[in-house]
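Below you'll find a set of structures to go through.
Okay, so chain A shows up in both of these, paired with chain B first and chain C after.
== the complex of A and B ==
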């Protein structure tokens, strides 16, 4: 082999380049992510580790291949701002003048009606810088305004989440179960959308009883069908119609089902972060399970 | 004699091993590659965020992410105070609700110490901390408070204003200006570097 060294070196460089790009660079970029006090306008650390049962639920989620049909990443195509006038102050004329000077397309005639029906949005879907300058113009005349950030994108429109997901959201996921196919809906904020544990249990037992036309297979092996003893279980499913077990029997979730539901309820990423700004009018939240 | 066809081919003509020759890369290909490289670099510069861990699409640069941060503006002292309070500074002991911790840390909500018309005592105890028994809303506490003199005059004025004017906590006392904090700081920086004792504070006229 005349060019052995050259072939070896090229193969090494090719592999080293992809290792550097796919492993080393992301590691340098976000690998040292730590729990930071970066929830905007709050003293909360973000993210919070999951409680034990939810952590076990992650392995149930993984073992049952939930990630084959569900993603856990909300995407966003853009961000814009609304400016809301909270308090018109005492000098309506000065406010109208300041707004006209800020050049936000408010005429003197329409400015007269500004103080009616507060708080109300006076600018919709504008870039951040214009929103910022408008609010400081409003504040300069003693009135109060605030900015609401509007996240845009199909995922947001489906109400799968209030903002996009970022690396910090997955700090305590091991492994990170992003998923790649959306046969079912995205679950990044399912704990926020559906906080009711009994809903989740019924849905796991028979998805179509809760969501008409659902494609999801029933996970009945996560439940135990047993004779109602002298002390009926408080966790037994409340089923009606065809699904209801015969008298004297009850359907009780196994520990796996309870862990999975605890995990699902812990899935929420609605904390405003520096890297994922969202409207701070929503209270700062952690991804701890809804109480 | 029959000739061996393979041998014929091998011996026919040139017996040297075939060699690859080098052909010059056409100049247009080099130009195209340089142009692509240039376009790629410009595209990365505009959209890549320079590999910052704080920049995710749809944001293109750190400046753009920063433009979406609507924290307390310079004009809003109350909001700045809320930020300082939750930095975390005060919130660690006095809680986000201002209720403190019974038996350990006194409440700020509706506290007679907070709602004094003149802020002199409150500025002092925030600047230098507090040490010794204190009675707040009829309950006695004996603990020590950290000195917060590392905060700027503006921050201390804002956080005291936030506490004193927090209507949700039932407080309604006049605001504090950075100038007031500055004058108190100058007065006590040499004369009283240690944490104050509540009894000492009571002897000081709150207007000073």
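== the complex of A and C ==
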């Protein structure tokens, strides 16, 4: 290693390889993402860009470093299937026999009550192939059944989201703020979980009034404290106790606060995708493919 | 340690010669080091504010300029760009200059580059506090600051590389490979990240991929190259029998740049799975340079550590090498899929990053500066005891941050994986650990104040002595050694 040129060359080759592998290749694969009719149960295009106010809210979220404490990426350890009996058909005995033959742990006693309260799940958290064979056994005797896919993992169990996040979920965000630390809860689906805008506004104003023991700092600078004029603002926060402003005063969210709340409410990734299947609560037109 | 001792024990050149040569880069170095120390003070001050918010969330919460997200990012950027890279540039300049003389024109170019760099950091930190944070981890400085940083870096970096042409030995020494590669490395990764994230932004999650790639290259490769280069420089100069052929630095160099540059993508990221998998394999492969360094430093060659204890800054450098071994070991362990799923998104990752950036890199920079400044100014440290105190403050500070956060992070990860434990309880359980780490932030802050005072004091002395014709003649002429300022 006598010469500078050799050092330069080896550094160049090493860095060029990594640049090609982790900048160029991902750009070709995910950087050229487009809207696709990728959703499992409908023909709608996914993803959709956020509405304008929510996009302004994203920049409030970025400017205040919200991503320092909140991730926006739900993870999943795997998935399993539920089998739902939709219609017991006309021959209850044959159905019971078929299910017992399919050997899915349904006893004669429980098989008797199968037709009551449909549709109902008859198998929970089973592997995909067992679920499929059970459904075909059900269909073979003229009854109807379907497979529902359930995502698994601690994030899902905390109801932080119905499925894992995938690259497509972030296509129109600029910047993409995935976050790397969970000092606060994951927000990938906060709009799904907490749709109430007044809750968000009160929570931003004084987090501990809504969540006991929260570590979140208050964001009172997103609100304006002003004298109640002849026409009190309809947007003024309804606060009680120590937080309530003195008589004749009101606390009104500034545009930034409204934008931020619009952004938070727009955070939801609950469209079933082929690469991240889940069962939507909407009535299914086709069965989601079990993978 | 006096000036004459420090230069006399250096094997490279006769005392007199070394003195006049060393003196040639003292002004750019003082500028770089003092501004770096200033940013270190500011960074730890911001970090302290951020840390106090875990004791009382209402602390300084009513102004947007001091909200947690902004202060925390300002602290990180000030430490990384203001202190880290700037100090690294200074040490790279010293290592590349070696026994050559730095022409006056180049001194000015480096100083001008450093000024632009500092302006960039300043504008960027104000931008972050004012709400112009880019949102990309490790690249939070807004685009207008990035421009200044880029030009400043090019001026300083290119000049540093060109000083290698003036060298007297035909061979590059191993520390010179490290810093030469690092100079090139940062130019490339910073251009890529700035261009594709801030100027003509790519779409979707590719932004995160680029940011992860940049972060990995910056924290593993760049900090690794400059930090280990400084360590090697120190070890080589303190070894009495120089000139023995040793291929281990070369091996560490190649494995570090080969594997380190692929390590960025976190496991479980919402991207196609081949990317995190590649990064996982590359991170596991970091075990190779890790073991090599561990064997080199701790593997029964007493000469490497033996006679270096008397030098100012040597304790910093030994601490830093140990911290690099520990931080890299933690990184390798946390890349194992079993571990990754338990510690992702927890304070453990913060602890690992802190051990790498502060325990390893910043400590190495302190050690290097404490050692180099007496060489180039010909003066010992005015606040001599403060050097030792700074070491203990910094070492205790890092440990008080890293240990609680690592332990707390593992506990937090275990709880996060049990969905039956409410999230608010998971957070509450991390609080005691966070509050202990505030102590560490306080110690580090005091340490930085001592560091800055020492540098300012030495500069005052240099400026005074500069006015003295006697000193000037001494620095220019061969009979230098014995002068006490």
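Following the convention adopted for this analysis, the second predicted complex is superposed on the first by the 259 of 291 C-alpha atoms of A that agree within 3 Å, B and C clash if a C-alpha of one lies under 4 Å from a C-alpha of the other, contacts with A are read in each partner's own complex, and residues count from 1 in each chain.
In the analysis below, a contact is a pair of C-beta atoms (placed from the backbone, for glycine too) under 8 Å apart; a residue touches a chain by one contact, two chains touch by 3 or more.
These numbers were taken from a predicted model, which means no experiment stands behind them.
After superposition onto chain A, partners chain B and chain C are found to sit side by side with no clash. Contacts of A:128 after superposition: chain B is touched, whereas chain C is not reached.
In the superposition on chain A, A:29 makes contact with both chain B and chain C.
Here the vertex is the CA centre of chain A, and the angle it makes with the centres of chain B and chain C is 110 degrees, a multiple of 10. Applying the stated contact rule after C-alpha superposition, one finds that A:56 touches neither chain B nor chain C. Touch criterion not met for A:266: it reaches neither chain B nor chain C.
Once chain A of one complex is fitted onto chain A of the other, the partner contacts of A:167 extend to both chain B and chain C. Taking chain A as the reference, the larger set of touched residues comes from C, when chain B and chain C are compared.
When the two complexes are overlaid on their common chain A, residue A:139 makes contact with chain B while staying clear of chain C. Once the two complexes are laid over each other on the shared chain, residue contacts for A:189 go to neither chain B nor chain C. Shortest separation of chain B and chain C in the overlay equals 5 Å (C-alpha atoms, whole Å). Overlap of the chain B and chain C contact sets on chain A: residues 29-30, 33, 77, 164, 166-167.
Remark: chain A residues 25, 29-30, 33, 37, 40-43, 76-79, 81, 127-129, 131-132, 135-136, 139-140, 146-147, 149, 152-153, 164, 166-167, 274-277, 280 touch chain B in the complex. Within the complex formed with chain C, the chain A residues making contact are 1-4, 7-8, 10-12, 14-15, 17-19, 21-23, 26-27, 29-33, 62-69, 71, 73, 75, 77, 154, 157-158, 164-185, 207-208, 211-221. Those residues of chain C whose C-beta lies close enough to touch chain A in the complex are 53-54, 57-58, 61-64, 67-70, 72-73, 131-137, 161, 164, 170-172, 174, 176-177, 180-181, 184-185, 188-189, 192, 196-197, 201-210, 212-213, 217, 250, 254, 257-258, 261-262, 264-266, 268-272, 275, 278-279, 341, 344-347, 349-350, 416-419, 423-424, 427-428, 431. On chain B, the positions that touch chain A within their shared complex are 51, 53-59, 64-65, 67-71, 73, 75-76, 82-83, 86-88, 91-92, 96.
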